[in-house]
Structures are given as C-alpha cells and as structure tokens.
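Next up, some structures in structure tokens.
What follows is a pair of complexes built around subunit A, which joins subunit B in one and subunit C in the other.
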Partner chain A sequence: MTAPLTTTVTVIHPQGIHLRVGKNLAFVANRFDATTTARNLTLSSPPINLKSILEIMKLQARTGHVILLSAKGSDAEQAIAALRDVLECPS
Partner chain B sequence: MKSFSGLPAAPGIAIGGITIHRSAYHLPRQEDSTTPCDPNEEWAAFLQAQEKVDAELGELCSRSTSVVAEIFSAHRMMLHDDSLSKSIHASIFENGNTAAVATHDVVEELGDLFRSFDDEYFAGRAADIIDLGQRLLVHLDAAVDPVSLNELPPDTILVAEDLRPSDLAQLSSGVVVGIALADSTPTAHSAILARSLGIPLVCALGSQVLELRPNQLAVVDGNAGELQVGRSDAGIARMKQRRSDYLETQATANDRAQQPAVTLDGLLIPVRGNVNSPQEVESAAHSGADGIGLLRTEYLFRGRSSAPSENEQREVYAKFIEQTHDHLTVRALDAGGDKPVRFLPLRHEDNPFLGLRGVRLLIEQPNLLRAQYRALQSAADEMRAATGRQVEVRFMLPMISSAEEVREVLRILGELPRGQNHIPIGIMIEVPSAALIADNLAPMVDFLSIGTNDLAQYVLATDRTNSTVARMADPLHPAVLRLIKMACDAGKAHGRPVSLCGEIAGDVAVIPLLVGLGVRELSAPLPAVPLVKQAIRTVSMDKCESLACAALACSTGQEVRALIEEQ
Partner chain C sequence: MISLILVSHCRDIAQGVLQLAVEMTQTPVSIGAVGGIPDGEGGYRIGTDALSIRDAIEANWNSDGVLLLVDLGSAVLSAETAIEFLPEEMQSVCLISNAPLVEGAVIAALEASLQHSLQDVNRAAEAVRCLDKVTR
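Up next is the complex of A and B:
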C-alpha cells in the first residue's frame, strides 16, 4: 500500500478559508478520485474530508494557519497540485 | 428613552415599529409519531425535499446580485454535501427516524457544533446551516415559518437574534426599514446583504432587545450602532429630522464631491482616500478623494513565492501616480505574523500583534525596504520627467515604536543613491509609545500619520475583531484622543504635516473633533469621502477647537459621544 502524498500550505486569504474558498476547495477535491484530507496544524485539528464543504469549515482556518494536505489514490499527485493552487490563489 | 448600543453594520437611520422575528437560531422539532415509519419511504421523502431545495437555491442564485448568489451557491453545495446526507441516511435507517426528525437532528447538531467554535467567522456559519435546514424542513412539512417576512407592516424595524441570508433575500426595502440583531457581527452574511439592500443594520445588541414590546416605535441608527426605544414625540421628530438631514446631506455631498473641503473660516483640509488595490486606486478620483492618503501595498506581496522586483513595483507605482489627482502616500509593506507573506518564513508567534511586524520586519529584511523606496523614487522621477505634473509622493513607515527604529530606517534609505526629487519619509503613529514621544520623532521625519485602528487596539488592550470586547476598542476613548492631540501638537511645533487615517476618519460626526485636535489632513475609506468633505464645509475652527478641549476633559468614550451629539 502506498503512503499518501502530503504537503503543507500557509493560508493567505485575508479572511482565512471562508465559505467561498471552502466551496472552491470542495469543488476541486470532488473532481478527483483520490481521497483527499486536510488538517489544521496550527490548531492541531483532526483530519477532515476535503470533498465536504461542511468538513472544510470545521478546519476554522485563518490567515497564517498552516494546513497539511494529504491525498491518496491514482490521481493523488494531480489532486494535491490542484488543491494547492486553490489555496494559494490570493482572492 | 432606552438606548441599546451595539456595532454599526450597515449605515443609515431608520424609524419604525418593532417586529420580533424568532426562528433563526433553532429549528422546531416535530415529535416522533408513534406509528413506525418505513425508512425507504422516509429516505425518498428526504431526496425529494433535497431536490426541491436545490431548485429553490438555483432560482435564488440566478436572480440575485453576485454577492448574494455566492452565498446561496455555497448553501447549494452544503445541500449536496456527502457528510450531511450520510448522517441523515444513518438517522433514518439506523435510528428509525422520520425524514423530518432526522433532518432536524442532524442540522441542529451541526449548528451547535459550529456555534461552539472559538472563531467568530466559523461560528457564524451556523446561521447558514440552520437556514438550509429550515428550507429542507419546509418541504418535509415540518417547519412553519413563524413570521413570513413578506407579510410585515410597512416601516418595520426587524429585531432578531440573527437573520439567515434567506430571510434577507426575501426582504423588500420599502417594508423593512431597519434591522437590529441581538447577536451577529458586521462581517456576517446578513450584514453584507443589508448593505447591498441599503437597509440600516446594527448588530451585537445583546439578548434584551428580544424582550422588547412588539409594534412600539424604535430607531435604528446604523451610523452610531444604536437601537433606541421609548423616545418622546419630540425625540422621534428629532430623529426624523436627522434622517432627512442625513439623506439630504448625502445628496449635497455627492453633488459637491469633486470640490475641495474648506471650513467656514477658510481652512483647506485635504480629504484623501485609503486604498488596498489597483481597482480602488482607479475609483479614488471618482469618489472625490483629494489623492490617496494611504496606499496599503500588502496586496503586491501576498500569495507569491518571491518578493516583487524593484522594476515590477516601479511600474505599478508609476501607473498609480499617473492615475492620482495630486497626492500619493505609499505605506511600506506592513506584514507580520497576523499578515503573513509566503516568501518570508516567519517563526510561529504566540502573539503576532506584539511580534515581528511592520517596520520591525522591514529592518530585519532591509532589501524589501530599499526596493520599495527606490521603486517609488524612480516612478516619481519618471512621471515628473514624462508629464511635468507635480504629484506629491510620500513614503510611510508602519508600526514605529522608537527613535532607534526611525534612525535605522533613515540610515538604510540614506545609503541609497539620491533621486532627482526627494521623496518625503514619514511615520505612522499607531503604537502608543510613538505618540508619547512624538515631539522627539517629529523632527527626524517629514510627516506624521496617525493610524487610529491600531492605536486604539494597543492603548486599550482590545482586539476589535473579537466581538466580546470589540466595543471597548473605542477610538473616541479619551486616552486615544489625548494621544492624537500629542501627535498633532508635536507636528505643529516642528512644522511637520499631521494626517490621520483609519476607520474613524470616515465617521462624519467625529470630523469636527479631529480637526479641533489639530488634524490637518484626513484619509478615509473611499465611500465616506463625499460626506467627510461636506462635514468639513459646515464647521469653523474655533468651534472645532472648543469641542476638542471639552472632549479631552471627558473621562469616557460615551461622554465624548454625548458631547458630539449635542453639537
């Protein structure tokens, strides 16, 4: 069994991962087969499923928080790159 | 008269009769019926309700403005969220609940979970979840909307714990004239919607307002953040007068926005704009701003893996100088633990507001400071050579707290080759220490600019984004006013211009006081510029100065407000 791919991203959106960013994240996560999860390392929160907008809100991610993204599955690499892009887009 | 004070969330004054609206916080629960239900039928009922709500939300998205559509499209996504439907499925099949009870329980549980979050924004999303739950329950024949917001009497002041975005979307502005919320924050979706509808809204008033007698006459003052009840006839007449004055002043102000702001006795006070983005730079001239008094440059640095080069910055600043009327003050990068930039790996800080931010970070990374100043200098030289226009360009340092910092910055910038024109260097007065030693700092620099948002937070030890204490971060607290006065006096003694930026510069009622304290240049949020200019045109210096003397003698922010009210 292969280990999941992981990467860390610092939240840059002025209001954190608010509803609109969360919506985009979930939308992108659902385009991939890979199981994608995230943890808020700054708040030491448990992992959440990135395909669910309700779960993403539970991250309570604010500007400056560090998020650990993790993906597992055939298209894990593409998934993680796409999710990273969403998080790093400034608005 | 009884007055409740909260936070202003949408501007304007409204007078009308109170209707208490309950339902936003919790959903009604339909008691379990005794007859056992068929889980397959219940699940089918849920799926059908889900489909109907999807159609409703789709319809709302398609006929709303973009701000509103964005909110409902997020609701639509929640509706189809796997974790929501899985929980409801489990509640039906494993616990034998009806679709209505299952939906109620799952949504309420999620709402409670969100409300328990420490973070105000995420806790506020409970209203979105409950909103969605209510929609589902309506189609499961389980929820009755207690007050249909379509059938309210004209001139209603709506009082509620909180309002759901759906509640606001169905309002027409002729019926509900003002909104007063016990809870919520100025950043909630309800506040965004109220501003877009032009309905005055005050929030964080406390739960006592829910006990008010329905139909009694009340006043919502969305500028001051107050709800008033039991005003005498004369009081109501006064508020009506104030409302029509406000509307009239607004019309006059808009007509005269492009003219300079001169006091009755002939003192010209430039009113500039605070801007955060190239779009705002473009719209500054249209708003009537006498140039840009605060260009926040953080947007140039955010979300990139390396700092923008000197050349890239030069091009940006040159464009801004070209678009600007006659003045541009550029604030150096104001980053730090609470406003991170990716290419600067910052250490974790327990208290970023008291950490490595503003000028402290620039001194640690002098290349950033040099590149920004040189870019601005070459842009100014270039534009002057090309157009011959005399645009006044200034460079401003954030978060100065000591003379050593000023000396160090001047040393770093002094080593640079001089441009054809000297770009004046000034400092923000936003840390109490800088205000207290302003007479030492003023002769070292070319100008001072008072930042009241941070100054109030630091001197009152209060975070204004924390709703439990935000009210205490009052920029009219006499302690803040005395520091503003010290900075103005220091500037005057040493012949240095003193400007003031911050939210308070957009508060029309406070302008005479600021001028009386000695502020001679203002920089306000763009939408407020026309009204601020108009406020200056109606006062004289001696009146402003006596108001300032009286305000400095007050012992509370409340007293200062009462004093301003009397004028």
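Up next is the complex of A and C:
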C-alpha cells in the first residue's frame, strides 16, 4: 500500500484560512481523485477532508499556523502541489 | 445542477446572504433571494410571503432539485405553503433545509457549484449545525 504524500505549509494569509481561501482549497481538492486531508499541527487538530468547506473551517487556521497537507491516490502529486499553491498564493 | 432559494423575514438579510452565497460558487448556481413583504410604498417590511417564495422557485427552477434555506418561524411556514402551490412533480424535488440560513447558504452554494445532488448538498449544509466556531 502506497504511503500518502505529505508536505507542511505555514499559513501566510493575514486572516488565516478565511472563507475565500477555504473555498479555493475545496474547489481545488475536488478537481482531483486523490483523497486529500489537512491537519493543523499548531493546534494538534485531527485530519480534515479538504473536499469539504465545512471541514476546512474546522481547521481554525490562523496566520503562522503550520498545516500538514496529505494526499493519497493516482494524482496525489498534482493534488498536493495545487493545494500548496492555494495556501502560498496570498488572496 | 440544483438551485437554491434563500428566505428571510428581512429583505436586506436575504439579499446579503445571496451576495455571500454567490461569492462561494465557482460555476454559476441559480440562487433566488426572498425577504420581507412589500409595504405598498416601494419598500419592504419584515415578514415572509408564500407567493413570492413560489415565484422565486419557479424563476430559479431546476429539475435536479431546489433547496430552500430559511430563517425562522413563518419563513418555514411560508416556504411550506409556497411548495404546496407548485404542481406535484415540482414539489417532489423541493426540499426545505434544517441548516441555519447564513452558514447553510455558504456551504450549499459551494456544494451546488460542485454539481452535487440535492440530498448531498442538503446533508453538507445541515452538517454545519455541529460546527464549533471557536475552540474552548
């Protein structure tokens, strides 16, 4: 069984992962077949499903929090790169 | 793709939630907003009107389904009455959500935009009732 791909990203948005960033994450995650999750390492929170905006809000991610992104599936590599782009692109 | 109908006692609330919901879509979702009752002087007073809700359902009709997100009290009754005014084949794909209006509309707009089914969109919207907004 293949291990999931993971990467950590520090939240740089001044308002954290706010609603619009959350929306972008959800739409990007839904473009891929891979199962994609995120954990807020700063809050030691459990993993959430990135395909759900409601789950993303549960991250309560503020500026400076460290997020562990995880992706598993045939297009996991592309998914994790695209999700990282959303978090690293201020909007 | 399903449509959404937002119902509030207050026209400004309905219009504001509409603005927020549209912001959450990626592909266009048909969303109607109904709030208040015409006061006869060009403005609106607080209240809900079943006929206006029915008109909004018809104007935003989609046979995939119509999810109604409402605030409280007579908004629920008026939404139920509005659905009863519709032909039976339309009634069967209209659903009043138990989700709170604002949060439900945000979630539902995104989920509808992802072309999820009526039941799936409603399930996602209603799940917001269990969301803690702050950690204590």
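Everything that follows uses one rule, which is that the second predicted complex is superposed on the first by the 91 of 91 C-alpha atoms of A that agree within 3 Å, B and C clash if a C-alpha of one lies under 4 Å from a C-alpha of the other, contacts with A are read in each partner's own complex, and residues count from 1 in each chain.
What we mean here is this: a contact is a pair of C-beta atoms (placed from the backbone, for glycine too) under 8 Å apart; a residue touches a chain by one contact, two chains touch by 3 or more.
Please read all numbers here as calculations on a predicted model, not as lab measurements.
When both complexes are overlaid on chain A, the residue A:Gln15 reaches subunit B alone and has no touch with subunit C. A simple residue count on subunit A separates subunit B from subunit C, and the partner touching more is B.
Contact with neither subunit B nor subunit C is seen for A:Leu68 once the two complexes are overlaid on the shared chain.
In the superposed model, A:Leu5 lies in contact with neither subunit B nor subunit C.
Within the superposed three-chain model, A:Glu88 lies in touch with subunit B and out of touch with subunit C [touch as defined at top]. In the superposition on chain A, A:Asn49 contacts subunit B only, with no contact to subunit C. When the two complexes are superposed on chain A, the residues of subunit A that touch both subunit B and subunit C are 19-20, 23, 26-27, 52-54, 57-58, 60. Those residues of subunit A that touch subunit C in the complex are listed here as 19-20, 23, 26-27, 30, 43, 52-54, 57-58, 60. Remark: subunit C residues 23-24, 26, 106-107, 110-111, 113-114, 124, 127-128, 131-132, 134-135 touch subunit A in the complex. By the touch rule above, subunit B contacts subunit A in their complex via residues 70-71, 73-74, 77-78, 81-84, 110, 113-114, 117-119, 121-122, 125, 128-129, 187, 299, 302-303, 337-340, 342, 352. Across the interface of their complex, subunit B is touched by residues 10, 12, 15-16, 18-20, 22-23, 26-27, 49, 51-55, 57-58, 60, 62-64, 88-90 of subunit A.
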